[in-house]
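The following pair of complexes shares a single chain, subunit A, combined with subunit B in the former and subunit C in the latter.
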Partner chain A sequence: MRAFFQRIRDSVFRVGWPADERKALLAMRSSFLLHLHAPKVRPASLRLAATWGLGLLSLFLYGSLVLTGVYLMFYYIPHPDAAWRSMGDLEFVVPYGVVTRNLHRWGAHAMVAIVLLHLGRVYLTGGYKAPREANWVAGVGLAVLTLGLSFTGYLLPWDQLAFWAVTVGSKMVASVPVIGDAAALLLLGDQTVGEAALLRFYVLHCVVLPVALTGIVAFHLYRVRKDGGLVTSEHAPEPTEGPRLWPAWPHLIYRELALLAGMVALLLAASMLFNAPLEPLADPTRTPNPAKAPWYFLGIQELAHYSAFWGGVFIPAAAIGALIVLPYLDRRTAGLGRYWPPERRWANSVFLFFAAFFMVVTVVGTFFRGPAWALMWWPP
Partner chain B sequence: MGRRSFLRALGLSGAGVLLAQSAWATLRFARAPVSYGPPSKTTLGERGRFPRGAVTYAEAARVFVVHDDAGLGAMSAVCTHLGCTVRRDGEGFLCPCHGSRYNAKGEVTGGPAPRSLRYVQVEEDRRGRVVVDTDVEVDPDDRLKLG
Partner chain C sequence: MNDEAPLPRWTHVVFFTSLFATIAMVFVVLYRDAQRPVELEQRLVAALGVVDRCEACHDAADHPGDTLGLHAVERFGCTVCHGGQGAATTADAAHLASPSWERPLFTAAEREAACGTCHEAATLAGAPALSRGRAVLAERGCVGCHEIPGIKLPEIAPDLDGLQDKVSPAWVRAWLADPGALNVDHRMPQFTMPDEEIDPIVAFLFSLEGPALTPAAEAGAPDPARGRKFVATRRCATCHRIEGRGGGFAPDLSLAGSKLSPAWMFSLLTDTHRLRPHTRMPGFRLSPEEAADIVAYAAEQWVPDTAETPWTAFSPEVKRDLTAVGRFEFIEHGCPGCHRAGDLPRAPAAMPLDDLGRRRVVDLPLADGAAMPDLPSWIATKVRVPTAFDLPGATPSLMPAYRGLSPDDALAVGIALASLKRSPLPGDYVIQSTPAQTPPAGPAGALVDRYRCLECHELGGQGGHIAGVPLDGEGSRVQRGWLLRFLQDPVTIRMDQSARMPVMGISESDADLLTDWILSSLADPRITEGEALGDATRGAAAYTARACGSCHMSRGAGTMKGPVLDGAGARLDPDYVVTLLRDGPAVVPGERHPAERLPGGEARDIATWIAGL
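So, the complex of A and B:
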C-alpha cells in the first residue's frame, strides 16, 4: 500500500524533497514551477535590494487576482439592471463575499503600484538594454495591460464612481483627432456608457485582457532566463570565499517564499480592515462632485483638466511610446545593475524627473482637488 | 521563381490575406448598427411643465429646457469637455468633474471646456407634448414657437 502511494508521489515529484545540493539542482531542473529559475544563481542577485522582489510580487498578485476574480464571477451579473445589486449581494449576503471583493480590489491597487515600481527598478538598473530589449517591450505591454485591466474592472460595480470615471475616460478617447470617435464607439459599443459598454468591459476584463496578459507573462518569464537572468553589475564584488554560484534551492526559493508570506499577510490584513468602496447606483443624470478616477489615473485626470487630448491622451501615449523605443536608441552598456551609476546619471535623472512629475500631478489630483476640480489646500 | 519560393510566397500571402480579413471582420463585428442605449428622442411631457421665464432641468434627456419670450429651447446638460452632467451654479452652470463654467446662455466662462453647451432640437408631437432630440444640434437662438 505504501509503495502504491510512493509510486504516485514519485510520478509527480520526480526528485523528492531536495535535502542535499545534488537533489536540489535536479529538482530545480525537473520541477515545472521551479524550472522558472536557473538551478544556480549569483549571490549578488539574492540581495533584496537587487530586485525588491517586485517581479515575483507582480506575478503573485496577478495569480491571486485571477483566483478572487473567478470567485466574484460566480455572483456578478454584467447588466446595468443587476450589476450593482450583485455587488450588494456580495457585500451583505454571500459569506466571505466582502473579503473576497476586498482582496480583489486591494490586490489590484497593489498590483498597479508594484508593476510600476518594477518598471522603475528595471529602468534604473539599465535592465532594458541588449539582449533584453524585447523583454523590456513585453514588460511595458504588461504594465499597459495591468492598467487596462484596472480601467475595465473599474466600471463593473456600476456605481456612480464607476460610471463617471469611465464616461470621462471614454470621452478622452473620443478627443483624439480623426479616429477618436470611432475608437470610443468601438470601446463602448454605443454612444454613451450603458448596457453594451458594461458587457464589453466585462468580457475584456474577464477574458481578453487576462488571456493576453497570461501569454505575455509566459514570454516574459521565459526571456528573463534566456536573456541571462537578472542584470548585474560588473562591479559587484565576487565572493572571496565559497562558490561563485549558489544553488537556487534553498537560497532563492526560501527568500521568495518569505516575501510571498509577507505579501499574503499584508493583503489579508488590508482586506479584513478596509472595505472596498461602493457608491450609490450609477445615475447618468447626476454627476457626483467631485468625480474622481482611482488614484493611479488621477495624474492623467489632472492633466486632462488642462486639455482632454493633450493631457489625457497625448502625454500618456507619448510616454508609453518613448518607453518602447528606448532600448533601441540608448545602447550604451556601461553602469548596468546599479541604481545610480555615474554612467547613467543623465538617463536616470530624466526618468526620475518624469516619475516625479507623474507623482506630483497624481498627488495634486488625489489630495488637492475638491468639488468641481478646484484647488484646495486640505483634503476634506 | 522556383517551386519552393513560389509555394512559400503563396502560403505567406494566403495567411496574410486571412489575417487581414479577420482583423477587418473583428473591427466590423465590434461596431454593430444597433444601439442598446437610450433613444436620442425623449418625450418630456406637457409644455405646462416648463413655465415662461424659467429654466427647467429635464432629467430624462439631460437637458435644460429654456422658455423665454421667443419660445422653447433645450440646452444639453452634457459638459463639452468630458461628458459629465453640469449643474446650476448661480446664474450659470458648473461641471463637477473638471470645473468648466458656463454662463446662463451656456457659453464657456472658465475651465477646460472647449466650446459652449449644445442646443438640441425641440419639437411638439401630435398631442402637443414637448419632445427633444439630443442627436440634432441646433442654433442657440432657435426656439420652438408656441402658438
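So, the complex of A and C:
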C-alpha cells in the first residue's frame, strides 16, 4: 500500500524532498512551477531591496483575484435587474460571500498599486534597457491590462459608485478625438452605461482580459529568465566570499513563500476589518455630485477638468506612448541596477517628477474635489 | 543545506507569523459564518420583485389588526408596506439605513403613503390621513398648479371674466397683497407679490369682459330688513358665513356689501348660472324684489373703502402696457391653473408631482442642521413654508403660502403626495378609483345641475359630502307625496345636522320631475318591496322596549339625536323601515342607525306602527 502511494508521489514529484543541493537543483528543473526560476540565483537577487518583491506580489495578487473571482462568478448575474441583488446575496446568504468580495475588492486595489510600483522600480533601476526592451513593453501592457481589469470590474456591482465611475470613465474615452465616440460605443454597446455595457464589462473582466493577462504574464516571466534575471543583481558586484551562485531552493523559494504568506495574511486581515463599499442600486436619473472615476483614474479626471483633450487624453496617451518607446530611445547602459545612480539622475528625476505630479493630481482629485468639482478641504 | 548562507531570520518570522495569523483568521471567518442561520424563512413575490426574509424573525400570524386578511403575505410580502431591506438577514441591515440602503423601515406616515401607491380612490377606509390629504389636495387647489393623478380640481376659484363689474381695483389689490386681511376663511393662498407685480395683474384682470349684468328691478323700494329675513329663510348660512355664523363651504358674506357691486350681486342672485356658469352655487329661484331686498341688506353692511385707489391715476396708455405685463405675471404665478380668465388655458404651471413618492429625502435640500425627516414630513414642511428649502442665492420658490393649513393637514398632504409613484406595479395590484358615474342626463339631469344637487349630496360615489346621506337608494326610502312637498319646502328631518338644505324655491313642475327621477332611477334593490304588515300595537310596545326614544322623537316624547318620527308615516316607505330594522343600517351608506338587527316580525310591527304616525 505504501509503495502504491509512493508511486503516485513519484509520478508527480520526480525528485523527492530536496534535502541536498543536487536534489534541490533537480527539483527546480523538473517542477513545473519551480522551473520558472533559475536553479541557482545570484545572492544579490535575494536582497529584499532588489525588487521589494513587487513583481511577485503582483503575480500572487492576480492568482488570489482569479480564485476569489471564480467564487464570485458562481453567484453573480450580469444583468441590471439582478447584479446589485447579487451583492445583497453575497452579503446576506452566500457562505463567506462578504469576505470573498472583500478579498477580491482589496486585492484588486492592491494589485493596481503594486503593479504601478513595480513599473516604477523597474524604471528607476533601468530594467527597460537592452536586452529587456520587449519585456518592458510587455510589462507596460500588463499594467494597462491591470487597469482595464480593475475598471471593468468596477462596474459589476451595479451600484451608484460603479455606474457613475464608469459613466465618467466612458466619457473620458469618448473625448478622444476622431475615434473616441466609436471606442465608447464599442465599449458600452450603447450610448449610455446600461444592460449592454454591463454584459460587455462582465465578459471583458472574466474572460477576455484575464486570458490576455495570463498569456502576457507567461511571456513576461519567460523573458525575465531569458533576459538574464534581475537587472539589479546582474549589475551588482560579485560577492567577494562565498559561492557566486546560490541554489534557488531554499533561498529564493522560502523568501517567496514568506512574501506569499505575508500578503495572504495582510489581505485577509484587511478583508475582515473593512468591508468593500456598496452604494444604492444604480440610478441613471440620480447623478451624484461630483461623479468620480475609480481612484487610479482620478488624476486623469482632475487633469481632464482643466482640459478634456490635453488632460484627459493627450497626457495619459503620451505617458503610455513614452513608456513604450523609451527603451528604444534611451540606449545608454551606465548605472543600471541601482535606484539612484549618478548616471541616471536626469532620467530618474524626470520620471519621479511625473510620478509625483500624477500622485498629486490623484490626491487632489480624490480628496479635495467636492460638488461641481470645486476645490474643498477634506474633511469638509 | 547550505551552511555558508543560512536563510535570513525575517523569512522564518514572516512566514510563520503570517501562516499562524492566516490560520487563526480563517477560523474566525469559519466561526462567523457558522453563526449565520442555516435556514431562512423567505417570501418571494415574483410579481413585485420582492424577496422578503422578515419572517426569519417575525411571525406573520402575530401581525396586529386584520390588514393581512386583505393583504395576504403570500401576495404582498412585507416590505411593500413596511419598507426596510427585505433581503437582509440581520436585524440592523433589515431595519436601518446604510450606505447601500438609504431607506430604513417606514415611519407611520410612510406606511400610510404606501397604501396610496396601490389604492387610487380618493378615500380609503383605514388610511384616514391619506384620504384627508387627497381631499386637501383638491380643496386647496394644489392641482391647479401641479399635475396630481387621480385628483380633479373642484370649482373653488371664481371665473375672472367681468371682474370689473364685480369688485373695485382697490379691493383686488388688497386681496392679492393679503387675502387673509379680507377673509379669514380665504381659500386662495398667499402669493408673495410686490406692488409692481400686483398693479399689472389688476390691470390685466380689469381688461377682461364678462357676461352682461341683469338690469336692476324697477319695482318698489328695497327693504334691508326683508332681505335679512330672506337670507335666513333661504338658509344661505348652510354654505356662507353670515354675521359670523354658518358657512364653511362658500365665501364669507359678512363683507360682501363692501366687496361686491350691488348690480353684480343682483345679477348673480337672479341669474346665477348665466353670470357664473361654473359656480357651485345652486340656481335659486328668487323674485327680482327678493333679490333686491337681499342686495339692500348686504349694502347696509357696506364699509367705506379707505384705501386709496391709484387706479384712476393710470392713463389709458399706461393701462394698456400694464395689461400685457399683467397677463405675463398672471401666467407666471400660475393663476390660470385655478381661475378661468379670458382665453388663457388652464394648464398646471408647476412641476408635476406624479412621481414624488420616488424621491429620496437624501437628494432633497434640507434646512441646515436639521435631522433627516421622512418624505411625508419633508413635504409637509415645504407645504407649510414653501420657501423653507430655497437654496441660498437661488430664485425664491414661486409657490404661495397656505396659511391656516394645520400641521395635521400638511402631514396628510405629505402622505398623499408621497404615495404617488409612476411605478410599473402589476395591474392586478392597483385598486383603481371607482369609475366616474355619468351625471344624470335629460331634463332631470338639467335640474340636478341647476340646483347643484351633487355639490351637497353624494351619488354613485361622486359628489359632495355636505348632506349626511347619499342619494343612492333614496327612491326606495321615501314616499312620493312627501318628496314632492319636501323639494319645494325642505323641512329639517335631522336636527343634529348643521347643514340644512337651502330653500331654493324649486317650482312645482321641477319638483315633480325630480321626484319622478328619484323614485324611478334611485331605487335600492336591497330594499324588498311588498313586506307584509304587522301589528301596530305590538310595534308600539317594541318601540318602547327597544328604547328607540333615546334618539327619536315621536308624539312629543324622546330626543332629537335621530330624525323626528312624527309625520314619518307620510314620509318613509314602510318596506324601507322593515329592511333597515331587520337587515341593519348597512343598506344605507352613512346611516348611523344602531347596527342591531331585529327579528323580521318585530321589524314589521314597528314599521306598521311608524306608518301610522
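One rule holds in what follows: the second predicted complex is superposed on the first by the 375 of 380 C-alpha atoms of A that agree within 3 Å, B and C clash if a C-alpha of one lies under 4 Å from a C-alpha of the other, contacts with A are read in each partner's own complex, and residues count from 1 in each chain.
As a working rule, contacts are C-beta pairs under 8 Å (C-beta built on N, C-alpha and C of every residue); 3 or more make two chains touch, one makes a residue touch a chain.
Owing to the predicted nature of the structure, the values given are computational and were not obtained by experimental measurement.
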(request) Considering only touches as defined above, state whether A:Gly321 meets subunit B (first), subunit C (second), both or neither. (result) neither
(message) A:Pro131 in the overlay: touching subunit B, subunit C, both, or neither? Say first, second, both or neither.
(response) neither
(message) After the superposition on A, what does A:Lys171 contact: first (subunit B), second (subunit C), both or neither?
(response) first
(message) After the superposition on A, what does A:Gly194 contact: first (subunit B), second (subunit C), both or neither?
(response) first
(message) One more residue to check, A:Tyr306. First (subunit B), second (subunit C), both or neither?
(response) first
(request) Would you sort A:Arg286 into first (subunit B), second (subunit C), both or neither based on which partner it touches? (result) both
(message) Tell me the contact category for A:Gly63 with respect to subunit B and subunit C: first, second, both or neither.
(response) neither
(message) Contacts for A:Pro371 in the overlay, against subunit B (first) and subunit C (second): which applies, first, second, both or neither?
(response) first
(message) Residues of subunit A that sit at the subunit B interface in one complex and at the subunit C interface in the other, please.
(response) 286
(request) Quick one: which bits of subunit A touch subunit B in the complex? Just the residue numbers, please. (result) 164, 167-168, 170-172, 175, 182, 185-186, 189-192, 194-196, 284-291, 301, 304-308, 312, 371-374
(request) State the interface residues of subunit B toward subunit A in the complex, per the touch definition above. (result) 27, 30-32, 35-38, 59-60, 62, 81-87, 94-99, 111-112, 114
(request) Report the residues of subunit C in contact with subunit A in the complex, numbered from low to high. (result) 1-2, 4-5, 7-8, 10-12, 14-15, 17-19, 21-22, 25-26, 28-29, 33, 36, 40, 49, 51, 53, 85, 87-90, 93, 99-102, 360, 363
(request) Can you check the complex and tell me which residues of subunit A touch subunit C? (result) 21, 43, 48, 81, 85, 87-89, 91-93, 95-96, 99, 159, 242-243, 246-247, 250-251, 254-255, 257-259, 261-262, 264-266, 268-269, 272, 277-280, 286
